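Note that subunit A is present in both complexes that follow, paired respectively with subunit B and with subunit C.
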Partner chain A sequence: MSKTSQISNNEKFNVSLVFFIITTCQVGVGIHGFQRLITQQAKQDAWISVILSFLFAHIAVFFMVKTLQLYQTKDLYEIHEDLYGKYVGTLFNFLYIFYYAFAFFVVLRNYIEVIVTWVFPGLSQGFIGITILLTVIYAFTGGFRVLVGIAFFSFFSIIWIPFLLWFPLEFAHYNHLSPVLATDLASIVKGAYTMTFTIVGFEILYFIYPFIKERKKAEKFAHLGLLATLLLYLFIMLVSIVYFSEKQLERTIWATLTLFSVVRLPFIERVEIITICIWLVILLPNLCFFMWAAYRGASRIIKIKPRAFLSIFFVIMYVGILLVQSRYQINHMNNFFSQWAFIIVFIYPFLLYIFAKTKKSIKNRVKNH
Partner chain B sequence: MNRKKVFILLLSVTLFLFGCAQTRILERISLVTLVGYDQDQEDNVKATAVIRQINPNYESSIETQSETEHTSKGARTKLDMRTAKQLMIGQLRVVLFGEELAKSGLDEAIHTLMMNSEISTSTYLAVVEGETKPMIEYKYETITDIGQYLYNLLKHNIEQQQSISSTLHEVVRDKYSPYREFAMPLLKKEGEHIQINGVAFFNNGKMVGRLPADDIYYVVLLSDSFKHGTLELEIPSDNIVSKSKQSGNLQIAVDSIETDRRFDLVSVKPAQFDISINMKCRLLEIDSNVPIGNHQVIKKVEKAMSKKMEEEINRIFKYSQQVNSDIFGFGEVYKSHLSESELKNVKWNELYPDIKAKIQVNVDIIRNGTFE
Partner chain C sequence: MFGMNKKKQQTKITEQKKQQTDNLPQDFTISSSNEKFIQHIKQKIHSPSDLICKVISDEIRIIYLTHLVDGKSLKEDILKTLEGQDDWTPRTIFEKLPIPEMESSSNFKTCIQEILKGGVLIHVEGFSEVVIAKITTYQTRSLTAPENESQVVGSQIGFNESLPTNVSIVRRYITNPNLCNEQFTIGKHTNTSLSLLYIHGIASEDQVNTVRQRIQDLDINDLIDSANLAELIEDSSSSIFPQLLLTERPDRFCDGLLSGKLGIVVNGSSMAIVSPYSFFEFFQSREDQNLRWPIGTFVRLLRFIAIFIAIFATPMYVATLTFHYDVIPQPLIIPLSESRAIVPFPPVMEALLMELTIELLREAGARLPTKVGQTIGIVGGIVLGTAAVDAGLTSNVLIIIMALSALASFTTPNYVMGNSIRVVRFPIMIFAGFWGYYGLMLAFCIILIHLLRQSSLGAPYLAPFYPPRWKDWPNSIIRLPLPLIKRQPTNTAREESNNALINRSGGLRGEKVKE
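After this line comes the complex of A and B, so read on.
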């Protein structure tokens, strides 16, 4: 296929930055309250579910990289067209564009909900939405390398979280953790499944891969990125288990923020308020990369200029914010999203790899004859 | 280029407008620092709030207001109608409950506190003997801001482990756990002062019992790993001072340096625990006739102290069983040894009154003063 878009050298970025992109695309809004959903399934063994879910993530990344290595300079959209032909490929691409737009919306809407609940109960959701959207669009217009830079800096607004979590440990009851492995395996796996919402984001690898300078090393950094997120999530989960009682955790909607709310520094009495505001920086890579991935897909299907795409995207998101108003709708949306994300992030890469591999080997055999 | 400029302008305008979104200027709001809830007629709750207002001259004035309503939010709205500035509850430090309300159940009140994101989970909760209203509204000679006063009173006593800790978080944690109950400090107005007068025991959100201030030491000792705190004991003097002129009891005061508390489940059916407490302490006060330089004598003192403490702890443990309030966390230890399926039919508050415990205290006096 000659349609592969050429990526000039100055658009490419250093391979070690993959680490930052993976981590910052994973850490988003799920981290605010993932403990609750997992504890409902896996009880005190919820932390095992976290590890298990990352095990699956590592496997998924393994297959992703394997698939990408078959094609080298192509991203997923191009692979789809190559594999399934123009029409079916476009259909798959369309699903991915929709997935990323949806992911963008989920992050945005959940964050607005947090702001409205914790910081500004009276503020209009549309107004917050416009502010965030404008910020994201501004970052987006800077080009791809700017997005990579944002991911890099955003990483440093994540790493303070573990330090802040030392404070709640003062109230820790470590016997909440035992008995270890008392819940049955099915519940732990179910818990790992509910992690989907929190863990997704690393599938961005499918799209940034052609932009990496030394692709051979990319796999290593992608796995390292996952590992960093695992450590963060695992620590938060463990602190939550020892800090909350089980039934309390099941009722706490944003457990991470509630953990922060016990921290009282001499100069900041309510740390969680500051945290929520800083969270915008943490979310920015999420939003930017999701939007960027959606744009990449859209521009392949139809020749669309960035500006036109952004305008349409903006309007859709804004209308979405106005439509989804209640907590019930948000929960419903999150559930739907995580079911879908599970298929796209954990199951599909495996199938895609098998399909791509078989097709390649058949092609080779035909050539050899 | 021009388009970009317009865009940046638009962005900065929205960003700056965000600052006007919802302002809470200190001089224009009044801060609620303390709320007391009392039981009123029927199902109504009477709320009394201490409101602190800050004026531009950096002098803050304190006023108290009281209102009756079905819900605490309703009471707050009514209070709002009586204050010149908007009420803000984010600085709430202490929440008090009247004894009668505590006895009829605090479920709803605690749930409301927890639902509100404005309220910090490190807010202290306490029960007041009698009603909260007269305690809050009384004009004390020495106390200017009762909200701040009570906060400091609770804070320093909890930090020094002279009172049981009862932040909103801890209360909610234990309230929703089926294996643990919570306790709160009991406050009392004594003339011109307010003092911590004991511990209130809860079962299922209702206050079921209390122990006097003298027993707080043992309650804290048993419910938490104890770090520092002073203990006064009375031990029989017979064996210690052989040529003692006065017979009877010996007063002794020690200061804990390091205490290790362990609950071990020795048998599941019937539930039986080993409580072992190892305390390293410093001798603060003892009768001058006791030769504390003598190693044998110290050993005897340690032994007598251990025995006395075992008796006291046993008494407190029995009391908590009697009122069926497991504030010490035996249930959690029990739960942590059993699997999910084994726990299915376990109702801890039915089991708790019948559990057995063997108490063993080990006192180690590792230091005494500068003069023998």
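After this line comes the complex of A and C, so read on.
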């Protein structure tokens, strides 16, 4: 049972990098257009929903770290096996593998949709999928250190976003924000719930935790990472609210990209085309870590070699891209994913912690007697 | 028929050789008889015409290869001394000859080695021991300014092709008892000697062991240049980027040693190897340190911008003009479309054509004698450039962008890395030509991943940026004032060492500073 996979010191990474991993795994495709769904619920108080959703995220991370601290060197897959026994544990692991494969696909499919809509109407979707998949596989075969490195550099392709969004502020109507708290609390909470799609990604902490060098400090950096994402999302949300009218915002699918298209630099127009392409770097850690997490699980359940796993994964994703074609299907998929993600990311960690804690204390009691 | 003849001949030759080798002493001992010894030596090195055997007296013979030894020393020190006295024994010769470097050996193999290196063998009848006087001399280039890595402010001395000279230059820069020098001889056919230099206490023991191991494990026939050695011992020789620095600047070399890196000097090569070297260090020049720090900082930042211009300027042009016209602001699109209106090729063809021309010019300039080289500049730059635009084969704007990126790529202070940067642009250009900005970013991602996968002597290639060594950041991006440079870069530092590079009270680099 206790086949804890040994992690060599070489693979472990500095605790401060947790910050980058958390942030870059959160920022993905959701940020392109999360404003619409939230505004539909929370109107001009959408920004409060954003803050609220991050409050939940902080709580979730708190419980995640507590659970992980109970086991120290184990990741979630190992915890599952330890907690539920071999068979039920495998079932749970399987759910997580499926979740990560699904998350990978959601990110990939949404990005392809954005590229095809905004940049290259003519480019084959299958082709974009293959190139991205091959790039991710190239990174994946480089080992865990490479993945962390990608997350690190990817962070620097995120930080320019707020600066670019100063431009739309020129046309801001700050009275869009008032009256504050005009929406009832239920709608704001509902708005926070719709943030799920955009906010998830930080649950990767469950899997990178054993790789961290000084685990005690990990919690601090995880929270800091969440905070950085919060600031980014909050800023984008506020800019969207003051720039768009309420009706406009409810109808704009990719509000962030529309905001980019307002930017006019002396030597570049249509900045959004460039930003969408740069988004590839921002997505890369998402894809890499999701694939890696799925592989970790798969290699635990069946002794699968990386090459076999990658081939199967590649084929499934490619077929998926060919199957999910219309905008309607993508929306449907996103909704389904966020419902599922809500349970896995926000509710399950809490339950898991309680379960793990009770089991531990019972064990201790038995030992003491 | 002929075949058979050949076979017969071959067997004859092998038989002859067998006989010859049979005559040679099997146990590497030296015959005590003068004549026999000389005969053995002649057989072993196939009696070359420059082999000289001199009879000094009835008992003493000296043997050497004439072009390798210092004639003056031979005449005045060896011959005069030996002729002035009788009844020599190897022991007395060894003690009395006024030669600084001598060896006494009873091993035949050593004798062969030494005579090939320019030693004079002194054999005394009746003794199976030979005295070797090492008065080797050969013409070397005098120390000139390094031509490939020139700099304005700073020392103007470059390595030459002689190992002893190069080591002596390093010793002159670093007068330190901890400067270690380990000699190796590799190459079955060439027996090339090389020196592994590092400063004990500053260099990491692990890395020294790794390099030593890698050199000792080499099983090669010949080694002509240090670049070959670098390729053989680096972590990933299939990468497009060099992982070890090849430099002809002693000051850059010593800088490396002082910050805990290891240096390798190979005999016959004017380029010394410094390792481990990180990607970003390739873009730092020794001159940054010699300039005043704000100017050094400016130059360093300029160089970082130059990398991006060099790699991405032409692909950006290609991508923009092929797919993303809408990115160009209106005032700019008129001159652009005017200059491109009569060009018959798609932008990617146009760019590849012109970039190839520039590469041709560079290659021609490097191969041609210096006197003709200037003509190449005129023919290539002026005639080809303007004529191509006039003929409508390329646009003005592309010429400007290309010249800019060519200039930018030449700012790399290291020629090898500069070449990598220049070559890596071609696939990016093709990517950009096919898939626009998306292809460009894809290529960027692949390069980023590739760089992340590399390591130099086990140390991360993208250090100090990743893994982040925050304390090394300031001095990697800008050039800090010397008093502020506190620590040795972590990439090479040993875990426990806290070496201060410099402190205000005038302490030397590497001195431990009490805190």
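Brief remarks follow.
Following the convention adopted for this analysis, the second predicted complex is superposed on the first by the 368 of 369 C-alpha atoms of A that agree within 3 Å, B and C clash if a C-alpha of one lies under 4 Å from a C-alpha of the other, contacts with A are read in each partner's own complex, and residues count from 1 in each chain.
Criterion: contacts are C-beta pairs under 8 Å (C-beta built on N, C-alpha and C of every residue); 3 or more make two chains touch, one makes a residue touch a chain.
Bear in mind that the values here come from a model prediction, so they are computed numbers and not experimental data.
In the superposition on chain A, A:Phe98 makes contact with neither subunit B nor subunit C. In the superposition on chain A, contact of A:Arg251 is made with subunit B only, not with subunit C. Contacts of A:Glu269 after superposition: both subunit B and subunit C are touched. Contacts of A:Phe120 after superposition on the shared chain: both subunit B and subunit C are touched. Touch criterion met: A:Thr183 reaches subunit B, while subunit C stays clear of it. In the superposition on chain A, A:Ser261 contacts subunit B only, with no contact to subunit C. Applying the stated contact rule after C-alpha superposition, one finds that A:Leu17 touches subunit C and leaves subunit B untouched.
Using the contact criterion defined above for the overlaid structures, shared-chain residue A:Gly142 touches subunit C, although it does not reach subunit B.
By the touch criterion defined above, A:Phe171 lies against subunit B but remains apart from subunit C after alignment on the C-alpha atoms of chain A. Touching of subunit A by both subunit B and subunit C, each in its own complex, is seen for residues 120, 123, 131, 135, 138, 264, 269-270. Looking at the complex, you find that subunit A touches subunit C at residues 13-14, 16-17, 115, 119-120, 123, 128, 131-132, 135, 138-139, 142-143, 145-146, 148-150, 152-153, 264, 266-270, 273-274, 277-278, 280-281, 284. The touching residues of subunit A, when paired with subunit B in their complex, are 43, 117-118, 120, 122-123, 127, 130-131, 134-135, 137-138, 141, 171, 173, 175-179, 182-184, 243-248, 251, 258, 261-262, 264, 269-270.
Those residues of subunit B that touch subunit A in the shared complex are 4, 7-8, 10-11, 14-15, 18, 21-22, 90-91, 117, 120-122, 167, 169-170, 172-178, 180, 329, 332-333, 336-340. Taken together, the subunit C residues at the contact with subunit A in this complex read 323-324, 326-330, 332, 435-438, 440-442, 444-446, 448-450, 452-453, 460, 462, 465-468.
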